[in-house]
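Got some structures for you, see below.
Presented sequentially are two complexes of subunit A, the first with subunit B as partner and the second with subunit C.
On to the complex of A and B.
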């Protein structure tokens, strides 16, 4: 079986405008494979939630038709999704957080050689519960990783997600969050550190479907060489969702003239009593602080690294788990040491 | 210690320094005074190695070695320190991290072993105490939310921590009330002595009441137009720059 190339969305579709998946995948010689988790349990939702309304869920459908592995998670867990050279895999991770539970899931995405991982992460959070979902992406240069995360967040519950990318070929990180109960919170943040010809696409839709919900998106991209960052964030406040608080921030730091950042914030608001803000910046490293630090004897590369680290700080700070905070800080330091 | 010879420098194609000569012996404090636009800040930036300024002629020697080709961090390693007129805010970088990185960078450049966290904190605490700087300030981001006085005190703290041989103070008195000015001047005076030299750049004579210079120079039109003892500062204060600059031109 070859790849379902004709099914993969092209840049003609609005939500894939900046990421040309068919072109990237066409040259790869891949065969269906599995991670060995097993896929005999039939609980798939063949149609992605929100499919009709947003028409951006083709990757979910491809996963449902080709699912290679299924894993259930209902408590603290760590999970590795590692592809090998030549593999096309469609893992499905189902996370179910029951009422009054606090769960931390660490997901490590990686691989070697050329591959396509088309992962779906399906999350349901009950009432008065919290899921902390931390994702670390360190993909191979020729690896394509598309992840579709769908989250349903119940009353008085919180979904806190952080994604760090330190290595990529082509990454599409798509999240669809539904705030279904009152006083529910969807807090997404991430840091993408990209060099050479890497691409990381962060595409988000958050639906406020109930009153008094908050959503936050805080994303930082650091782009070197010919790296390409994409951020598309949509906040959709339904008419019932009064007192919604939606916040969105995407900052990109461009370290070379060939690097590129595409940012598209979108607000769709149908309620009249809401607070929504968004900010997007793309710029270079400030010369003033750089000179100040160098005048104090700090070598230029060290000064740059410190400034970049502080640039990422605002996103990293949103990680409430202390040990994960440390892991992420360490990984950012490592990346800076080897590349700046 | 420092020898500036026929220094010419420009920014954006505009010549600011037009053949400046100045020599400071080890252990001496020299003041440069001058009207706005004379080239005072340009001189301090050129000394520190800011890349936007292009040196088009002359030389700067520190201990017999030209520093013109050196990067700012190399100059700092060699013992040059610039106290900024407008200290830069660096959100997200904690003072302690910044200071420790700076201290260990210059120690490395000087062939000294790096300080570990404990020795560094001891050093910082003792210097903070000397200058009346609270520990709480060291937990904040570099200069972020600092008052004008705190920023200048912070410059002096950095100077004390980095133990330079040649200090340039660029309008350290600007924006300071008299109490803050005294604290800053005290900090500087404590560092005088031995071989350490100072170049105090200022618009007003007031600072020189607290930091007594060995010599005073008048900078105008990109050149030193007059040199004298401390009394020259008072003369300038009384008569203004117009007389002296006018007479020299």
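On to the complex of A and C.
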């Protein structure tokens, strides 16, 4: 079977402006496969959320039509999604957090060889509940991984997500968060560490649909060699969502002459009693602290690594689970040791 | 309380919503309604243009027919019938005037009512030492007069309408026309290239600092016409010019199209400062009528150490679609963009800038303030692109939005693209409403709510208004207050 190439959005589509998926997938010889979870058990959400309004949910539709595996999660869990060489798979993960519960889910995305993995994660959080969703993407150099996460957050509930990306040749991490109940919170953060010709695209849409909601996005990108980082964040505050507090931050460090970063933080606001802001910076490592440390006998590579580590710190700090915090810190250190 | 604020409040109270909304009753000469190759040829013939320009217009027109309407902006644009408008309208009996005294008194009266002195002595009659401003007045499709010609000519500055420039300085026009905004750039610019009727032409020779502010005042008067002017400003090596643009139109129920093109060229060490106060008729409270303002403005910093600065105060128009841009090609060149965009009632605005960094050590600075009130929608859309060769490029962007009332929308859509490691880019944006604390503080001290609003909004825009030339700054502050009239409570 050939891939549904004509269905995949091109950079002509506003939300895929910086990521050319059809070009990346064109030469790959892939066959539909499965992870062996089974796919005959659920009634899937037939229509992608916000399809008409945002026109950026094509990947959801492709997943729905070609779904290969389905997995249900309702309590603490760890899940591995590993693709093999030559596979085209469309796993669907459904997370349902009931009222008054606190759940932690760790999702590890991996793979070997060349593949296209088009994952959809569908999350519903009830009232007065918390989901901590940690994702580690450490994928194959030739792999293409697209992940669409859709989250519905109910009254007095919190969705805390962190994503560490060190891998996949091309990775698109798209999140659509709906704050549907009053006093709901959506906190997203992530660190992208990229080298060689990798591309990591973080695309976010947050909809404030009820009053007194907060949303935070804190993303850090470190780009080496010919790596390409993309951040597109959108906060949409509906008219009813008064007293909204929305914040977006994207910082990028460019470490080599060929690396590039594209940032598009968007605010779309229809309520007047709001506090929304965003910040975005792109630049290189500051020479002064580097010099300071070298003057005190710290080797340059160590000094660089320290600075990059502290650069990522702000995003990593948002992880409230201590063991996960350690795992992520360790992984960042490991990457820095091998690459810097 | 400062005197300006008091004055602002008085202006708000004494004025009807759109003071420039009157109509001048004057006999006009029209080209037939509609748009086709014959009309394009007719405009060219009327202006006695050389063949190359007619060919260029026709080429643009043929291309325009194939171009789709741009739909990417966050605007709800009703379909516009291009065939149901006049593309050429000029006051009758326009002959070559020897001096400004020969201008139709009714036209002079129009400009006087708008506060634009078309007589040189009126300016001189003012306070001694008051800054002088040379004015090129464009009335519908034609330029009706340019003041201070002699004084400018002494300095070597060429300031005239573009039709005159085509006749008198064809080599300059041919060299630069379309060099910054090619005719195929976008649909509106393409239409302008085909049917542009007049506009201003400025050339500042090497090393000359233009002795006074130059300004063009656009007035759309005739019914069912579109205004398509073209402005071309060239600052040669080491030259400096400050240029102001103002615009108004009568109040009408139908929508009129304004699709202008402005091109700026700054050579080595040259500086161009371009300020606009846009006050086209915005339509009534229900959104009936008003001007569609689809403008393409772009400047190129061609030479080293050159600088282009855009300042705009956008208060009018039913729909604004405008992105004054800078191409920073020369090393060490600088681009600046200061903007205040105010929308009220049913107005829509999608405006911002583009800064393309090509040369090394290029710098750009963007300060955009957006204020939405009533049922309006306002968007800041901006692009900062750092090309691979732009070593040590630097950008700072700040966009702030203020919402007044819960029926309006304010949006921020920045695109930030960096391909150079040594570049540093910073972007920040905020959206908020006028804080109740601030209003309460003012009210406690005996300042009414409406006054407090004007005070706070003027403070919010201060950074931008400061960059306007003196004469414009006062005007702009008043406009800011007027535009927001009725949005309290």
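Here is the rule we go by: the second predicted complex is superposed on the first by the 340 of 340 C-alpha atoms of A that agree within 3 Å, B and C clash if a C-alpha of one lies under 4 Å from a C-alpha of the other, contacts with A are read in each partner's own complex, and residues count from 1 in each chain.
Heads up, the rule we're going with is that contacts are C-beta pairs under 8 Å (C-beta built on N, C-alpha and C of every residue); 3 or more make two chains touch, one makes a residue touch a chain.
A quick note: this is a predicted structure, and the numbers were derived from the prediction, not measured.
K.L.:
By the touch definition at the top of the document, which applies to A:294: first (subunit B), second (subunit C), both, or neither?
P.N.:
first
K.L.:
In the overlaid three-chain picture, which partner chain does A:282 touch, first (subunit B) or second (subunit C), both, or neither?
P.N.:
A:282 contacts subunit C only, not subunit B.
K.L.:
Look at A:310 in the shared chain and tell me whether it touches subunit B only, subunit C only, both, or neither; answer first, second, both or neither.
P.N.:
First partner only.
K.L.:
Touch test for A:269: subunit B only (first), subunit C only (second), both, or neither?
P.N.:
second
K.L.:
Between subunit B (first) and subunit C (second), which, if any, makes contact with A:260: first, second, both or neither?
P.N.:
Only subunit C is touched by A:260; subunit B is not.
K.L.:
Touching A:242 in the superposition: subunit B (first), subunit C (second), both, neither?
P.N.:
Once the two structures are laid over each other on A, A:242 reaches subunit C alone.
K.L.:
Between subunit B and subunit C, which makes contact with more of the residues in subunit A?
P.N.:
Partner touching more subunit A residues in the overlay: C.
K.L.:
Subunit C touches which residues of subunit A in the complex?
P.N.:
14, 239, 242, 252, 254-257, 259-284
K.L.:
Which residues of subunit A touch subunit B in the complex?
P.N.:
Residue list for subunit A touching subunit B: 287-289, 291-300, 302-303, 306-307, 309-311, 313-314.
K.L.:
Write out the stretch or stretches of subunit B touching subunit A in their complex.
P.N.:
48-52, 71-73, 75-77, 81-82, 84, 87-93, 97-98, 101-102, 105-106, 109, 141-142, 158, 162
K.L.:
Once bound in the complex, which stretches of subunit C touch subunit A?
P.N.:
Residues of subunit C touching subunit A: 72, 388, 401, 403-433.
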